[in-house]
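Next come two complexes, and both contain subunit A; in the first it sits with subunit B, in the second with subunit C.
This part shows the complex of A and B:
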């Protein structure tokens, strides 16, 4: 159903939701932007033409979280995630898509992550489409888009003084049940805005044969070239909405076993007790990061594991640009023998 | 099977039943753990398959992935052999009978025993990686299972005779008539009656027949690297050569990303892979 939400009524609607839900929306946090709970003084970041610096994956996979508690006698206690019903407001389509991709990791037949599932089941996700696509984003290149609806309960299109709300699920419908329907004229306008946004985005790199070329050039000097200036700082993976690697450590003062975001860009990530390291240098680690997103995700779920959010481009301290890296792949030969 | 609400990160409570050094230099220690809860024991043995591993958990120190070194028929306990390497294995080495310990598992796929029925088995191990092969041999050699398989050939190499694990069983297997065993050490020692040399060379020398046979190799990376081609040379097809991979692991259930190898997670999709499967994966080992 398509409805009209006047911007001036939004604060009241957010407060109304707050009666039954924790409401999260993008806000400024020092120099950062981040999804945080709605409070008295909240000034949401809704006019920014790009997504938050810290991806909202953190609402489902927190940067740090307790998995298990233990006692000094060596016994273990389960933690109760205790997630209140939540509404995430104004998540961008790239980030909602990323959470959907991560479902395939955390919800599997054999092993399901109870903490992830608990948060997913208790969250309503309302998206805000990107009528002015961001500069570094390349969602259309990787098969998604600025008004992609995957993983959303409702999608908003900015019309200046109002939003048009497309409700996509029953839960999304419930959130907006007292609004007036959009006119056919508005619907047509929204369709045009969405199409223009889509068309205004350039194709950042060709994806035809990209997977095959990356696979076949596993031992190419290409990896050395593109990783030469990498600092192994890990910011590309830390801020990536589809990166999910975590470390598990015991916090001995709290008697808790916690998981923390981790990154394959760190040397110690894959360092084994024997001293052997399967990915000892930036070359192998860069190859792992790119291959995971553009080869292995496709093998696993037939989708590119990058949603084109542009964060790794925007925040790399040495200006490494995954778009340029992947454009360079086109220069690589196809059909060299597979290295084993 | 575990219910959906079960937290797969939570270890089940175990207790150290027996703890003893496995090697004369005290670098290898075996722990036999008993279950605190009968339901955990039942769930474990319903799922267990030789070749699987568990994460042993010492509260405050962390977890360590270790292959199961016991067969189900041995009794209501699980055996592991830990090499002294870092924080967790040091804590494991300090455990005494009666101490509490956590365990998650069994994890991973284990050996595809169903596919191996009716075949001759060539089991090749090196160093402390022999532990899961020990479990496999104990399973296969048991009278209840022995008839399911053909000829059994075992090649086991260690750097020195003192590092040979499970000496009691190894000695009895030398006496056993329905098993061919070739033991090797790297450098000569006095009174050593068996092979001297590296495992790949011993395999070439012994030259097990590839006829209706599968070979399974577990050892340090350098041994595996040279043994796999030796088996191919002997005529084993890549579909009939198996190995168990090892990588750094944290979660053990395909979530934390650490043991990712191409589209696979070694913890969840492995650790046992055929050479044919390995040939399809990136060489990120």
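This part shows the complex of A and C:
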């Protein structure tokens, strides 16, 4: 259903939701925006041309969380996530899509992550589409878009003084049940806004044959070239909405087993107990990061594991740009297989 | 701004004559705000070499990432020259395997200051004398370069490389050491609670990506203390204790080694301030030991030396 939400009534609506939910929305933290719970004095930051600095994956997979508490006498207790019902408001489509992709990791048939599932089941996600797509984002290139609906319960389109709300699930419908329906005229306008936004985005790199080229050039010098200036820090992966690697550590001083974000860009990530490291240098680690997103994700769930949010481009301390890296991959040779 | 053609000519000569195997400098970035560190191995590649105020990294951080025996050429500014010296002092490279093309530095522009004012849709950046012209989707904005400089550069003491093999351009006057001191004293004059609150607010925003460590030329340990698992020195997670420990211990390891380049802050994806800690240590090392890191390629930093006539302050 398509409804109209006047911007001036938004604060009241947020407060209304707050009676039954924890409401998270982008707010200013220092010089950037960050998803934080609605407080008494909250000033929502919805006009930002791009995303929150830290992706909202952190609301489902926190940077650090305790899994198990134990005692020195050998007894232990799993931590109950105790997630209140939550609404994430104004999540961008790329980030919602990313969370949906991560469901395939944490909600597999045989391996289900109870903490992830608990948080997902208790969260309603309301998206804010990008009528002015951000400059370094490239969502359309990787098959998504500025008004992508996957992973959302409702999607908002900014119309100046109001939003048009497209409810996409029952939960989404419930959140906006007292609003007036949008006119056919408004619906047409929204369709135009969405299409214009989509069309305004350039294709950052061709994805045709990209997977095959990456696979075939596994041992290419290309990896040496592009990784030489890489610092092997964790900026691109920690700020990536689809990177999900974690490390489980026993904090023995406080008798807790915790999990922390981890990244394939760190040397110690792949360091084995024997001392052997299968990815000893930045060359292998850079290859892993790119290949995971553009080869292994496709192998596993037939989707590119990048939603084009642009954070890695924006914040890489040495200005490495994944779009340029992949344009360069497209210059590499492709052997056509003639096998029968 | 030094003559880019002269820098290129010298870099080209080094490769042509086989003086060095590789020249480390910058090339144009894929986005206008981010020139990239680059490694030039043939004279033809030098055409892509750029130099400008947006070159935000301290290139000396790549010195320990290249093979020890290789002959390195490097385009260095004042702070980078000192970092190179400090690394030579620490035995990370033989000075004779280095050729430094020195460039007097007018300061590094903090790209965040541009983005905070005009947004990220930057199409082109041009520099002319003291002006920085930024072209965006919405139009053009002109800034005074000084307004955009990174804080570390505003209080820079040694903008001119002190021991380069060749200096391209005129040496610049030394900076005022009082500026560095004043920044430290201002922070120290705050009540203890306020200082701690500031420290907490900065440290606890950390995501432990270690970009600060990797951007720093002096952080070259094969295994950093935070990565050590047996024994474990700090909490592993992004908890207040873990993040505070990281920021304090990282800073302490820089005492007498930091050249105040500010590359750590410029690399941070969370805009965390760090130089207020290292500047305090630099100030202490300057005032108590009359030492500044990297002012020559021989003198060990005070905390790296032990001599028989060291004072035993705990005896009478």
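FYI, the second predicted complex is superposed on the first by the 333 of 340 C-alpha atoms of A that agree within 3 Å, B and C clash if a C-alpha of one lies under 4 Å from a C-alpha of the other, contacts with A are read in each partner's own complex, and residues count from 1 in each chain.
The working rule: contacts are C-beta pairs under 8 Å (C-beta built on N, C-alpha and C of every residue); 3 or more make two chains touch, one makes a residue touch a chain.
Predicted model, so just to flag it, every value in this text is computed and none were measured.
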**Request:** Using the overlay on subunit A, decide if subunit B and subunit C clash or can fit next to each other.
**Result:** fit
**Request:** State whether A:261 touches subunit B only (first), subunit C only (second), both chains, or neither.
**Result:** second
**Request:** Name the contact category of A:247: first (subunit B only), second (subunit C only), both, or neither.
**Result:** both
**Asked** Touching A:75 in the superposition: subunit B (first), subunit C (second), both, neither?
**Response** first
**Asked** Who does A:334 touch here: subunit B (first), subunit C (second), both, or neither?
**Response** neither
**Request:** Look at A:188 in the shared chain and tell me whether it touches subunit B only, subunit C only, both, or neither; answer first, second, both or neither.
**Result:** neither
**Message:** On the A-aligned overlay, A:63 touches which partner chain: subunit B = first, subunit C = second, or both, or neither?
**Reply:** second
**Asked** So, does A:300 touch the first partner subunit B, the second partner subunit C, both, or neither?
**Response** first
**Angle, in degrees and to the nearest 10, that opens at subunit A between the C-alpha centres of subunit B and subunit C** = 90
**Complete:** When the two complexes are superposed, subunit B comes to within a least CA distance of subunit C, in Å, of 6
**Asked** Considering each complex separately, which residues of subunit A are in contact with subunit B in the first and with subunit C in the second?
**Response** 247, 249, 252
**Residues of subunit C touching subunit A in the complex** = 29-31, 33-39, 56-57, 61-62, 112, 116, 119-122, 137, 205, 207-211, 213-215, 223, 227, 232, 235-239, 242, 266-267, 269-271
**Complete:** subunit A contacts subunit B in the complex at 67-68, 70-76, 78-79, 105-106, 108, 110-114, 215, 218, 244-250, 252, 255, 257, 259, 262, 264, 269-274, 276, 278-279, 284, 288, 291-292, 295-296, 299-300, 339-340
**Asked** Given the complex with subunit C, which residues does subunit A contribute to the contact?
**Response** 29-32, 49-50, 53-54, 63-64, 134-136, 228-229, 231-235, 238-239, 247, 249, 251-252, 258, 260-261, 263, 266-268, 313-321, 323-324
**Asked** In the complex formed with subunit A, which residues of subunit B make contact?
**Response** 4-11, 13, 57-63, 85-86, 89, 99-102, 221, 246-248, 250-251, 253-258, 260, 262-263, 268, 279, 282-285
